[in-house]
Amino acid sequence: MIDHILTLLIFFPALAAMLGFVVAKDSMRAYGIAVAAIEFALSLWLWYAYDPMVSGMQFMESTPIVAAFGINYLLGVDGISLFIIILATFFTLIGIASLTETRRIKDLIITLLFLEMTMVGVFAALDAIVFYVFWELSLVPMLYIIGAWGGPLRIYASIKFFLYTFTGSLIMLVGMLFMAYFYYQATGMWSFSILEWYRLILPENFQLWLFAAFFFGFAIKVPMFPFHTWLPYAHGQAPTIGSVILAAILLKMGTYAFVRFSLPLFPDASVFFMIPIAIIAIIMIIYTAMVAYAQEDIKQVVAYSSVSHMGVIILGTFALNVEGVSGSVFLMLAHGVVSGALFLLVGVIYDRRHTKMMSEFGGLASVMPRYATIFGIMMMASVGLPLTINFVGEFLSLLGFYKQSHVLTLTAGVAIIVGAIYMLTAYKKAFFGPVTNEENKNLSDINKTEMVGLIPLVIVAIWLGVYPKPVLGPINNSVESVIQLMHDKAQSAEAKERIPDLSGKNGTISMQEAH
Amino acid sequence: MEVTLTHYLVLSTVLFAIGLIGVMRRKNLLMLFFATEILLNATNIAFAAISHYIGDLSGQMFAFFIIAIAASEVAVGLGLLIVWYKRTGKIDLDQMNSMRG
Amino acid sequence: MLEPINVSLASLNIATLAPMLIAVLGALVILTIDLAKGGLHKSLYVMISLLFLLLDLGSLIGFADVFLKNGTVIGFFNVMLMDGIAILAQIIIVVGSMLFIPLALTSKRFHEYDYPEYFALFLFMIAGFQFMVASDNLILIFVGLETASLALYTLIALHNRHKSFEAAVKYFTLGALAAGLYAFGSMILYAISGSVEINQIATVLAEDHYSNIGYVLLGMAFMLSAFGFKLSIVPFHMWAPDVYEGSSAALAGYMSIVPKIAGFVVAMRLFEFLVHSGVVWLQVILYIVVVVTMTASNIWALVQTDVKRMLAYSSISHAGFVMAAILIGTTQANSGLFLYWALFSFTNLGSFAMLWVNRQKNLLPGQSSDHPYEKFSGMIKTMPMGAVMMALFMLSLAGIPPFALFWGKLYMIGAAVSSGYTVLALIMALNSAIAAYFYLKLIVFMFMKEPIPAYQNSYFMNASLSLKTTIGLAAVVTIFAIFAVNPLLEVITLFVYNSGY
Amino acid sequence: MELYLYIALFSPLVGSLFAAIFGASPKTSITGYVTSALLFTSFVSSAILLNYVMGGHTVHVEMMTWMATGDLYIPFGFVVDQVSVVMMMVVTIVSTVVHVYSIGYMDHDKGFNRFFSWLSAFVFSMMVLVMSDNFAGLFIGWEGVGLCSWGLIGFWYQKDSATWAANEAFIMNRIADLGMLIGIFLIYWNIGSIQYDVVFAEVGKLPIDVITWIGIFLFIGAMGKSAQFPLHTWLADAMEGPTPVSALIHAATMVTAGVYLVVRSNPIYDLIPNVGLFIASLGAFVALFAASMALVNRDMKRIIAYSTLSQLGYMFVAAGLGAYWVALFHLMAHAFFKALLFLGAGNVMHAMHDELDPFKMGGLRKVMKGTFIMMTLASVALAGIYPFAGFFSKDLILEVGFVEHHYVIYTVLLLTAGLTAFYSFRLVALIFHGEDRYKLFGIHPHEAYKFMLVAMSPLLVLAIIAGSFKMTYYQLVTNLLPSTQYHVHSEATYWIMTIGTQLFVMLAIAFAYKKYANWNSVPDGSSAMENRFCYKLLWNQYYIPKFYEEVFSKPYLELSKIAWKQIDLKIVDAMVDTIANVIYKTGENTRDIQDGNLSTMLRWMVFGLVVLLALAVAFTVGYNAVGA
Amino acid sequence: MFEAIAFYLFAALTIVMFTITVMTSQALYAITAMAAGMIFISAFFFILGADFLGAIQIIVYTGAVMALYAFGMMFFDTTRNVIEKRTNPKIVFVLGILAAVMVVAIFVAPIVSNNIHALYPVEANVGNSQAVGMVLFSKYLVPFEVAAVMLLVAMIAGIVLAGKKMDKSLTLMADDQIALNHTSQESNHKGGGH
């Protein structure tokens, strides 16, 4: 069974969703929780069975689908994808467990389970087409969630979300086909296996074009400035659960894909585009932080903050060294946990007041102290306080990029300032001050259902901030092999120099492990 | 002053163009059908001429089949027109405007 | 004196006629039964048609076997040409017909199904298409084309309402013009090559080193116009939306599949040798045509208010997409064409069948067409299964993986990329994105809006067991296409490659 | 000893968590007792460690790995050496006192439990800060104290000014923290480690410009935490927090973290005297600058805050000039008397029902004898009168300036010493002497709880006698810090200087008493002095907060709004929508091509044909041209 | 010479006739002119030695097709003046003439080819009809049969479309109406039988 655990992980929720059609409406939540819990347990088992000392792919599965065109059902996880998968199952569980939606809950849970399949699938796929299949398929449940349970502008938002990402990924698809064609030219065989592609060394000008093609798909998904405008709408209109999953997992697909595709496939292009992308990342960081600061709707603040944080992730990714990339992968998890939690928290107050305008709140800290506390913890995590999960990622990302450019990192580091500005201001507006609005006077504090969702997130946010090693270790090992691969493949002198050579360092790494 | 294949081809073209003009110009469906007949006939001349000038029978065969096709078309076309006329009392194509866009 | 011709029966390969003859025979049987006893139920005729189509298919599979062993079979003085693409196209034609004919078994009565002649004409039409693809003789192609077309005009008109007559007349008139263009084009080709067989024309042209290039281009311009009509290429597409709207959904779906594959095969025979000979004009023209057709029809589809009309424009767009195969001209592209069309036929079968089961007999006040988007509003709440199915087909049409059409698109774009048509590949990709909008629009209506009570009665009004089965079949194929792609692709590539395309 | 280290470190955390459990519930006194007890435990452990360290040992533990990736390896490592143990002692003493004091001070506050949770958490963070054996650990504490400071300044969150001040403090600190982060990055990429021992051993091998950058960036971090100009505005605003908080955080411990950082990084700063000089100059400037603002302020706590700022300037002067042990010594002494001063002010506030304007007090010595004595003595210590703590530490700094031949700095510091004495005793005089102006406001002041006064007494003792530990302290810390002795070469000069300074200071005190001891009215802004430019300048803190408001805050908000409404919505987003709309509109506008008329269709077909033909002709011409 | 005169004469006649067909607003003129044009075309066939084709042309076109059209004209009552709304008449002529000009532009170049091999050469000693017959029933047997099917299709189509059954549309009738209609027809039928 362990040999096929990835298949199991991917298709179990889908299967369960099918069966879910039979389950009675009022029992649906319990069913959903059960399924998600089993799935989560499976993913934990995956972690347990994962050998952290191995940097390559594990639990590989391979079955030809379209042999004539080189498409295989090829799965595997390494340190980079393992934890995002766990994050996905974790958030599905938490999302369903703390679900407060009452309208057509059966449809919602079935949709969520399908969504879980696609999420796990994206991160487990090692074949570009399989990856693409899940990547695109994930749009559909999300479209439905936003469009059917969302706010007044939900249709506009959902279509915008769908079309925007769809357009980007189609360009990416062309890139993938190109890649396969290059592989075909080089070897005489069709293959979409990423691992096979890794072995190709492409001429630099092709790398640039292909990088650009992939970039569109990933950048829109991330979303990177200036392709980010679908996100505020999507978040603004989506129901809580939709925002949570979107922020926690779906956005990670883009950044994950950068690590999985762009870096190892196009090392020279990565170096070539490093500075422009870093500049975009910095614009994302500062500009969206400013936009977040100007928001009146607390959910939009969190939404824009997501974009801002994704900028740091991108920056770390394009640090092209172990510290930066590990940091960005870790920050993906961190941002998932934190922004997911923040959206859940916004949902809590939305459920009570049916508004997200900060001007409607004020003084919530005295009415809902527990809520304010949890929100505060998560806000501080979002701001990147040390010993919270975000700090580890942000620190490493910025640290990594510092190697590449001092000035840009300094500019990007403004993130920690502007992040604090909008977050603290928003927190102040919503929670501090006297209770001015009559409607807020009798709000009930967080209830058990909501706690179920939030407490684990708080625990994770602090636990991994204090002791990131169990996660960071496997990530590090896998990232090292990626970086080494990049170094070996790099052709231009600049790329050779920018991407560190780790081949001589294995000894020191194991020494550090011994500490 | 020899008549060459080119003469026939040009003649055919001219007739074909007349047919095209008719097709575009006519609003009365029946008269429009006349114009389609002209198209086919124009082609027939050219087929026969080519057949003659290169000494091959295939062209004549083609023309033969075109005549057959023209005849069938007339049958079906008139059938359609009859139904349409029964319903609307008109065969003016400007009246056919229930679908657009 | 004329020498008597000695022809050995064996060299005629009469068997090459078998598939078409089966269809014709079927039609005659139906007519005979009707003569013997009138007023029989349509289900009888549906089943008879199915049976004969099954026989037809059997014979085609037999040919496929022969083809794989001995290669192309030529019969009847080189008139019949049973090569790989002919067989493939015929299989698609026959299978497509078999899928659509059960849609006649609606629970409501519609005028055309009261005619046994309807089924006879249907089979004649299939025979016509089969002749069209199984020959490279321009005469036989023409005759086959006209047989099929005339039958099709009638089938449309038999729906017997105002719009269907209008559709039939429009289709017929434009068809007549197209026929004229075809004839004129053939004439020019004949003038420069002295032959009406495409192979022969190609040979002669090559031997002449295209010295009469003006004539060639002229002929091709006419041919392209004629086939542009058949394949609904912009600006020869204008019949399509009106005809689709005017005819019954079942027939509209059929029209979007079967006639076009026949057209594609002929277009492949006719244009591809020129593309391969490096006739820049054709490459440029085809490039423009493909791009314009895809894009323009997608843009027009965006603004439609009727689902069937939207699907009409979408079919035009898909045809344009597939036309790219002819431009690219590699084995991969041509295989992609067949793969695409095979998958497309199932998806489109599903979507049109969904429209068909939801067809009302009489329009509501204020309703101007059969299937306005509003009709599907909130369907998830009233007809969840139906809405899911419809959404499935829409997603497939939009090219969302892993549904059927995605694989076709993937392979086609892949073919474009492999042949250096990068910009084309990008345009194809971006067009899919534009197209996604109007497919999504229907999904939005079904899943995200509130139901409109007036339309509640029209859902599944027409449904019968066989319709549902058909839809189910289409859905299954659409979902699980992923498993069918590889075998299909292998077979198709084998056939296409061995036919020299 | 490791055990004591862990006890010292973690007992505040345990206390904090314990209090946090009751965080949202109404007052439960037990939280106060438990946290105080735990802090006392921490203090005892620190004392034991001090004793151990005095024996010439250090304790260095590595608890566990924190971050390890690539070449980066950051453990949770803690070191108790001569420097950190001094800080530990300061922190634990002051915080124990403050905790006990707060039990009384926060007696009637709804957020009693929350307060103790935050306060203990602060102590924990501070302990992490001082005990860490690497820069990342330091940064944890660094940000941790920032967080707790935020929580405590904004403790009364219903008050808008409090939360505003909290945010200001946090954000300003963040600006500095960025500098510190960059400093850490620089260290890591140049040395490959951020462990103190490795860094200090290796730093000498780096090119001097790199070291300079490291020094600058680390100091930027220190500037924020220690509220040096231009990041100083938050400290005065931070007085919105409860007074014990001001005593502990904004006087004794947190704000001195910057000094600690520079002291700790002495091997780095030793290599870059230019940066050191800059630090010293800035310190001197801030000393004078802050003192000047204190002269006219009418907010008791702000006056003390400016005095803190001023004293921090002194410390930086010492640290910048390489007299690290002097800086640390002043840090320690200052912690005691300044905390005492603040706690005294807290008593006054309590008595005066949170009235802060000393002009509205007067004559309080009659009702608050204990507090009066304590505050006066603390002020004496602050003014640097022999034999109080301030004399030893502050005069030493003056000497350093003199010995190192920085006479400008010396002069500035001397002047500042006079100002310090003046404003300190202005405050004392206004509060405790003169007429009972508070009666005008119907307030009935009362002395604080006894135990609060008792709790303050250790600080009083230390403020008086701390100077006598000078040599012991010197012996201890110079194990780690450069052991430069600062003696004026000529005995005569030394005596002239010392006595001169003392006289100058006493003169200032006398002047303050003369001017304010018999004050009898509440100024209303109409007097001539209050309308003078200088007064207004000082009163408005040199218009710096306003400047920040106008130049940074408001434009940033405006810019943000522009970024959102003009750029994001109207350009970036509109662009996307425009593309979609153009496509859609194209459809709308061209759909009439399909007008449903058969004639039109036929014409379009012929049109298509004509286009194809035209192209055919054109290409034919082209082909022939090429062929010819 | 004779050939040339005949060609130009008939060419001119045909063009005039067809122009009348296309341009006139009198339906009767149009059909008459077209019939005449058809006959003139058959003249070309005879000139070109395609006797069989000429005969067919006269029989099928001028006979059958024209008769059908004449019937249609009477049925549709269009023997009189046909009023047609003209929209953008210029475009029509511009497009038509452009098409012609461009085709002619190519056609004026003679066909250069050495590789045209007559597959079924016209032999001087064989009559045209005989030759056509030989080819038609060997090589073109299949198209011939398919053409037969096509005519069958056209016949069925014509009958079905023009039939009485089309007068009532089942498509538009509700179920109960159909049932009603059906029973009334049945009873009519029975009644008629009695």
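Order of writing sets the chain letters: A, B, C, D and E. Residues in each chain are counted from 1.
The working rule: a contact is a pair of C-beta atoms (placed from the backbone, for glycine too) under 8 Å apart; a residue touches a chain by one contact, two chains touch by 3 or more.
Keep in mind that what you see is a predicted model, and the values were worked out from it rather than measured.
Common neighbours of subunit A and subunit C, listed by label, are D.
The chain occupying the central position, as judged from C-alpha centroids, is A. Each chain's centre was taken as the mean of its CA atoms, and the one lying most distant from subunit E is D. Chain centres were defined as the mean of their Cα atoms; on that basis the chain farthest from subunit C turns out to be D. Across the structure, the highest number of inter-chain C-beta contacts is found for B-E. In this assembly, the C-alpha centroid of subunit A lies 35 Å from the C-alpha centroid of subunit D. Averaged Cα coordinates give subunit B a centre that lies 6 Å from the centre of subunit E. Centre-to-centre separation between subunit A and subunit B, using Cα means, comes to 65 Å. The distance from the centre of subunit B to the centre of subunit C, with each centre set as the mean of the Cα atoms, comes to 26 Å. Annotation for subunit B: residues touching 2 or more other chains are 5, 9, 16, 19-20, 23-24, 27, 33, 54, 56, 58, 61, 65, 68-69, 72-73, 76, 79-81, 83, 93-94, 96, 98-101.
In subunit E, the residues touching two or more other chains are 91-92, 95-96, 99, 103, 106, 111, 116, 118-119, 131, 139-140, 143, 147, 150, 153-154, 157, 160-161, 166.
Annotation for subunit A: residues 163 touch two or more other chains. Contacts between chains, counted with the stated touch criterion, involve the pairs A-C, A-D, B-C, B-D, B-E, C-D, C-E, D-E.
Across the complex, subunit D is touched by residues 160, 163-164, 225-226, 228-230, 287, 290-291, 293-295, 321-323, 326-327, 363, 365-366, 369-370, 373, 380, 385-387, 391-392, 395-396, 398-400, 402-403, 406, 409-410, 413-414, 416-417, 420-421, 424-425, 428, 431-434, 466-469, 472-473, 475-476, 479-480, 505, 508, 512-513, 515 of subunit A.
Across the complex, subunit B is touched by residues 1, 3-4, 7, 11, 14-15, 18-19, 21-23, 27, 30-31, 34, 37-38, 41, 44-45, 48-50, 52-53, 56-57, 60-61, 64-65, 68-69, 71-73, 75-76, 78, 82, 84-86, 89, 91-93, 95-97, 99-100, 103-104, 107-108, 110-111, 116, 118-122, 128, 131-132, 135-136, 139-140, 143, 147, 150-151, 153-155, 157-162, 166-167 of subunit E.
Within the complex formed with subunit E, the subunit C residues making contact are 1-2, 5, 7, 17, 24, 31, 76-77, 79-80, 108-112, 114-115, 117, 120-121, 124-125, 127-128, 131, 137, 139-140, 143-144, 146-147, 150-151, 153-154, 157-161, 164, 191-195, 200, 203-204, 207-208, 211-212, 214-215, 217-218, 361-362.
Residues 103, 106, 109, 111-119, 123, 125-126, 130-131, 134, 138-143, 146-147, 149-150, 152-154, 156-157, 160-161, 165-166, 169-175, 178 of subunit E touch subunit C in their complex. Of all residues in subunit C, those touching subunit A in their complex are 380, 395, 400-402, 406-407, 410-411, 413-414, 417-418, 422, 425-426, 429-430, 432-433, 436-437, 440, 443-444, 447-449, 482-483, 485-486, 489-490, 493.
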